[in-house]
Amino acid sequence: MMLLSVLLILLVLISLWAVMTPLLLRAAIGLAATSALLTMIMYQLGAPLAAVFELSVCAGLISVVFVSVVSLTHRLPLKEFMKRRQSRIKRFIFLPLLLVAALAIMLTIKLPFQLQLPAADKISDVRVMLWNIRRIDLFGQIMALLAGVYGVLILFRGRKTDGD
Amino acid sequence: MTYLLLFIPFAILILINLFPREKRTEPAFWLGLAVLVFQAGAVVASQFGYWGTILTSQLESVFGFNLQLYKMGHVLVMASALAGATALLVARATLKNKRDRFNFVGLLLVSLIGINGIAMVTDIFTLYIFIEVTALATFILIMLNREQAAFEGAFKYLIMSVVATVLMLAAVSLFILIGGGTSFLDVKMAVISDPLAYTALLLFLCGLFIKGGMVPFHGWLPDAYSSAPTAVSVWLAGIVTKASGIYALIRLMVIFGGLEPLQNIMLTVGAASIVIGALAALGQKELKRLLAYSSISQMGYIVIALGSGTVLGIFAALFHFFNHTLFKATLFANVAAVEEQTGTQEMEKLGGLAQKMPITGLTSAIASLSTAGLPPLSGFWSKLLIIIALWISGHYFFAAVAVLASVVTLAYFLLLQRQAFFGLVPAALKEVREAGPILLIPAVFLSLLIVVIGLVFPFMIQMVLR
Amino acid sequence: MILEFSFRFDQFSIFIASSIAIFTLLIGLYALIFMKGNRASGQFLVYFFLNCFFAIGAVLANNLILLLFFWESLLLTMFGMIMVGGRESYKTAIKAFIIIGITDLCMMVGIALTGQLAGTFTMSAISVSTAGLGGFAFIMLMIGALAKAGAMPFHTWIPDAASDAPLPFMALIPGALEKLIGIYFLTRVSLELFKIEPASWASLLLMIVGAVTIIFAVLMALIQKDFKKLLSYHAISQVGYMVLGIGTALPVGIIGGLFHMINNALYKSCLFLTGGAVEKEAGTTDLTKLGGLAWQMPVTFACFVVAALSISGVPPFNGFFSKELVYDGALERGWIFYAVAVAGSFFTAASFLKLGHAAFLGRSDTKSKEAPWPMLLPMVVIAAACIIFGVYNTLPIDRIIAPILGSHALEGHKFSGLPANMFLVLMTLIVLAGAVLNHLYGVKKSGKAIGAADHIHYAPVMHSLYDRAEKKIFDPYEIGMKLANVAARILYGIDRFVDWFYEVFTVRIVLLFTSLIKWAHSGNISTYVIWSLVGSIAVLVMAWR
Amino acid sequence: MVIDQLFWLFFMTFILLLIEGFYCVTVTYNLFRILIGLEVLIKAVTLFVIAAGYLSGHLALAQSIVITIIVIEVVVVVVAAGIILGFFREFDSLNVKNARRMKG
């Protein structure tokens, strides 16, 4: 419980950093760190398979995509950057305040009801769950990936080319 | 049959990619059309109980999917076949680049699989997956031409779609927490017994409202519709947003229809969509944007019918759902024809096209009047049934809203007709001629359906309502 | 609630349906020739016969919803037929569409309410009282029926259509067919669905609407200077007699109203057909340019005379008998209604004297020839029917109209043959004579000889009076005519106001909201995200339990 | 009672992450940062699903759902990145003001 609380607090803080940092590259790295923390939480909760996915796909693949997008888009000149930064600070300064306020409100109110939890599931093996019970989800995943392939083919093509 | 509806498009999707690069566009078109014809044929055949016995039993052992196709799903599958065929034909006529045409067929098949999945799901998380698959294919379809505006439209759609995802998945996790499962049966048990699960259901409905573009969740819809290539607009307006938002709503309302507060939400959201969509459409200057707002308004009719909480209301909602596919696909096909022949879709630059393009003018008039709910066209019957359903269930105010908004509907369509199809022909359009047969075939076919259904329906109603 | 769609074949509905079929046939023959050479003649004829189909469907329907289906389909064909008229006709078509569309919506509300109150939509099974909500339903249904028939204040599209739409349209739709089905439905509503009593407010309301329509439209007609426009105002005015007759809720009035309905359909379509023949042959319908056509188009002139005598209520033509019955009923309910009806009769006669004189008599400037036979045939047939229905009025009244009410309602009375009340006949004759004198007086005082038809059209009443007014200010005749003139002007203002309300005011309000909504869609994605978040919270709050 | 407290803990984290994400999406002027905000939102939901599975003892179900969510998330991010790149090529900027041309 103690460890879990620390991890959750860290999760909030790191994602806050990812959102607030002025540099896009740092934001991408912050997001990868958030994913890594989420992985640890999942592991703590006893969900190692999902944790592996989170680590490899979100912390790995998505970060690669993000970093390449950041590197493909050019940086602003320093003067422009500083100007933007000032306006950013003005706009984002309220976020930590908002978070603190929300936290304070939620800490004062207790859970207004008792949770009524269902009976535990008979199937505890993820593989059985995914491959036998929820096979249709796998089919959906394949279709989503196919759409992603089309997306890469169409969107990452250079500027508009004429003809086939 | 349930498996075939997923696997035949999938197999064709693989097949068209196996052709050599230079020769694949034509076969892709014809195979795509064949899939849609199969869909329509399957629905008709299943009415006679033909498919269930022959093929399903053998396939069942191979794929253990939890899918079921109810009678309701037939409407969606049929509508998607009609809208898809129209979109394919329009794409063939309007997309100039061969590669674009090929990719269009592929993405259409992906989203078709998503829609067929939506028609058959029995699990709320699987429903989300198929909605997302449809949406993913649609983002890419919108950017098919990679026009400047399309990036804006697609990005807005994507952002709102992720917001919807967040709402829906939060709901799913609450269902897991309380119901211990995500199948419709588990969800129903949880919602009846626990207020937290009930809140989760509301969150899920909000997600569906975003996907279906209901007021005030509709911000992305006009931009996405009007920035997409017209062939994609046919597909988007004809079926995609309706399948992923509205059909899922109908499905959930069939399961949870008895809950009083849900009906109030449906009525309020529906009425807001009807009124705001219609009023906004009145002020539009582009054909596609006008049709987009009109879609919002028409979706409002479907949702308000769900709010009546009666069987007649749900039947009316499904009927209007189907009718909307008919007339919106016709109208977008007409827009494609106009755009193809004149090079613009801004109403101020158009005029007098009924003289130059008589068939396009006539079909668009039929479709517009059907949208406005004028007899003897099919739109009249669905609107009438919606109003009757509202009236019978005692929602007089909402019935009045529905009736009055149809006046505004009429107004903006008359405006459209006057600016685009009647009046004087501008000097720039003197040389305009009727569009080619590829664009006319779907428009004529669909408007014939509108008229025939409108004329036949009064004699069918006893049979249908039973 | 079960929606059972059935049809109904009784005396009344079959009579109206067959009348519709006959009129469509005759005027269709006429339209074949008239529309020859028009680019859209094929389209027009399609709408024309579809219109007949829908009208017969509406008359025969025994279910209110089925009736609504056919009824609103008429809107579509009407729109199409006006559209065919040419470039300028679009505005008129839209106007007609909006007015009829809105009133049809009122009717839809009325039908829903009636169905709700009666528990069924089957017309033969409905019986509702006019108290409370039923009264509202009655008014809503009445609005639908009256708008179709073209009574005040739903008439403003008819004069516009007269100048824009093709003439066979005017002869059939506002002249005959819409009257038939409008009055048919009004009769069904007031006598069957609601069974209004002679002393009820509903009856009084109908009579007031009828009386106002009579006097209003006929005064408007008096100052028109165009053949078709003048006729179109009479098309409105005559509806007043029918509504007045049915509104009396007395057997004699109802029979008079129904008989007047069929008579009006006859002579009004005949008048429009002569107008069409004049337009086709002389090339214009402007009364300032017409004249002396009587010798060039004798058959047309003869038909015009018969129809004009009928509409003015001269014995022994059919209009006389039906008007007498209506007068009888009106007098029984109150002298004021009778007075208005008789005044209407006076102005009708005056305006037709003016019209006939201006168009057919006098000197001719144009060289016209007689219309071809397919155009003449319908005119002659209808004119003959006017005479037959007048002289042998036993045939339509005893055979067709009286059985509609049922024998117990008639209480052994007989309404055919010569009018029972000789006082009324005398009054009518006096009024007609007055109209003739008035005409002669007006012509004489217009400054030229009687034959100067091209001068008379300039409002035979007003112009001569204005000349005289400087010398004889206190002439009671002149004061009376001046008042009539002022009333006509005021009514014209009201007419324009109603028009403004439909076309400008409502549109402005709607456009204001439209621009507000457009402003709110700023294109900013964060706005849209915030909307949906606020919407979600609103949904959660609304449905909290 | 422990379960309730744990649930409340996860719920608070979930809400805080949602606030961060939505704030980022609505306030920023940079398209890329909107994407970061969306990612934070999806992370929040992923955490909540796993927590729900853990608390109710349906961890297998929750895991299989999370795996699917992650796969879909990747595709969404890739498509969004493609849109952003295309946007950059068109406008030579990532400013969201360029994406406000369609209005009314």
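Labels A, B, C and D are assigned to the chains in the order they are written; within every chain, residues are numbered from 1.
Following the convention adopted for this analysis, a residue touches a chain if its C-beta (ideal position, glycine included) is under 8 Å from a C-beta of that chain, and two chains touch if they have at least 3 such contacts.
Since we're looking at a predicted model, the values are computed, not measured.
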Report summary line: Comparing A-D with B-C, the busier interface by C-beta pairs is A-D
Query raised in the report: Just how far, in Å, is the C-alpha centre of subunit C from the one of subunit B?
Result: 44
Query raised in the report: Could you state the distance in Å from the CA-based centre of subunit A to that of subunit D?
Result: 6
Query - Rounded Å distance, subunit A centre to subunit B centre (Cα mean) - result: 32
Report summary line: Whole-Å distance, C-alpha centre of subunit C to that of subunit D, is 66
Report task. Any chance you could list the residues of subunit C touching two or more other chains? Result -> 518, 521, 523, 525, 529, 533
**Report entry** Residue numbers of subunit D (touch at least two other chains)
**Finding:** 7, 21, 25, 27, 34, 51, 53, 55-58, 61-62, 65, 68, 72, 75, 79, 82-84, 86, 99-102, 104
Report task. Would you please write down the residue numbers of subunit B that are in contact with two or more other chains? Result -> 125, 129, 132, 136, 139-140, 143, 146, 155-156, 159, 163, 177-178, 180-181, 195, 222-223, 283
Query raised in the report: Which of line, ring, star, complete and other names the graph you get from chains that touch?
Result: other
**Report entry** Pairwise chain contacts under the document criterion
**Finding:** A-B, A-D, B-C, B-D, C-D
Query raised in the report: Which of the residues in subunit B come into contact with subunit D in the complex?
Result: 125, 129, 132, 136, 139-140, 143, 146, 148-149, 151-156, 158-159, 161-163, 165-166, 169-170, 172-174, 176-178, 180-182, 222-223, 226-227, 283-284
Query raised in the report: Can you list the subunit B residues touching subunit C in their complex?
Result: 155-156, 159-160, 163, 167, 195, 198-199, 202-203, 205-206, 209-210, 216-217, 219-220, 222-223, 261-262, 264-265, 268-269, 276, 279-280, 282-283, 369, 374-376, 380, 384, 387-388, 391-392, 399-400, 403-404, 406-408, 410-411, 414, 418, 422-424, 458-459, 461-462, 465
Query raised in the report: Which residues, counting only subunit D, touch subunit A once they are in their complex?
Result: 2-13, 15-17, 19-21, 23-24, 27-30, 32-33, 35-37, 39-40, 43, 46-47, 50-51, 53-68, 70-75, 77-79, 81-86, 88-89, 94
Query raised in the report: In the complex of these two chains, what residues of subunit C are touching subunit D?
Result: 518-519, 521-526, 529-530, 533
Query raised in the report: Touching subunit A in the complex: which residues of subunit B?
Result: 6, 10, 13, 22, 63-67, 97-99, 103, 106-107, 110, 113-114, 117, 121, 123, 125-126, 129-130, 132-133, 136-137, 139-140, 143-144, 146, 177-181, 193-196
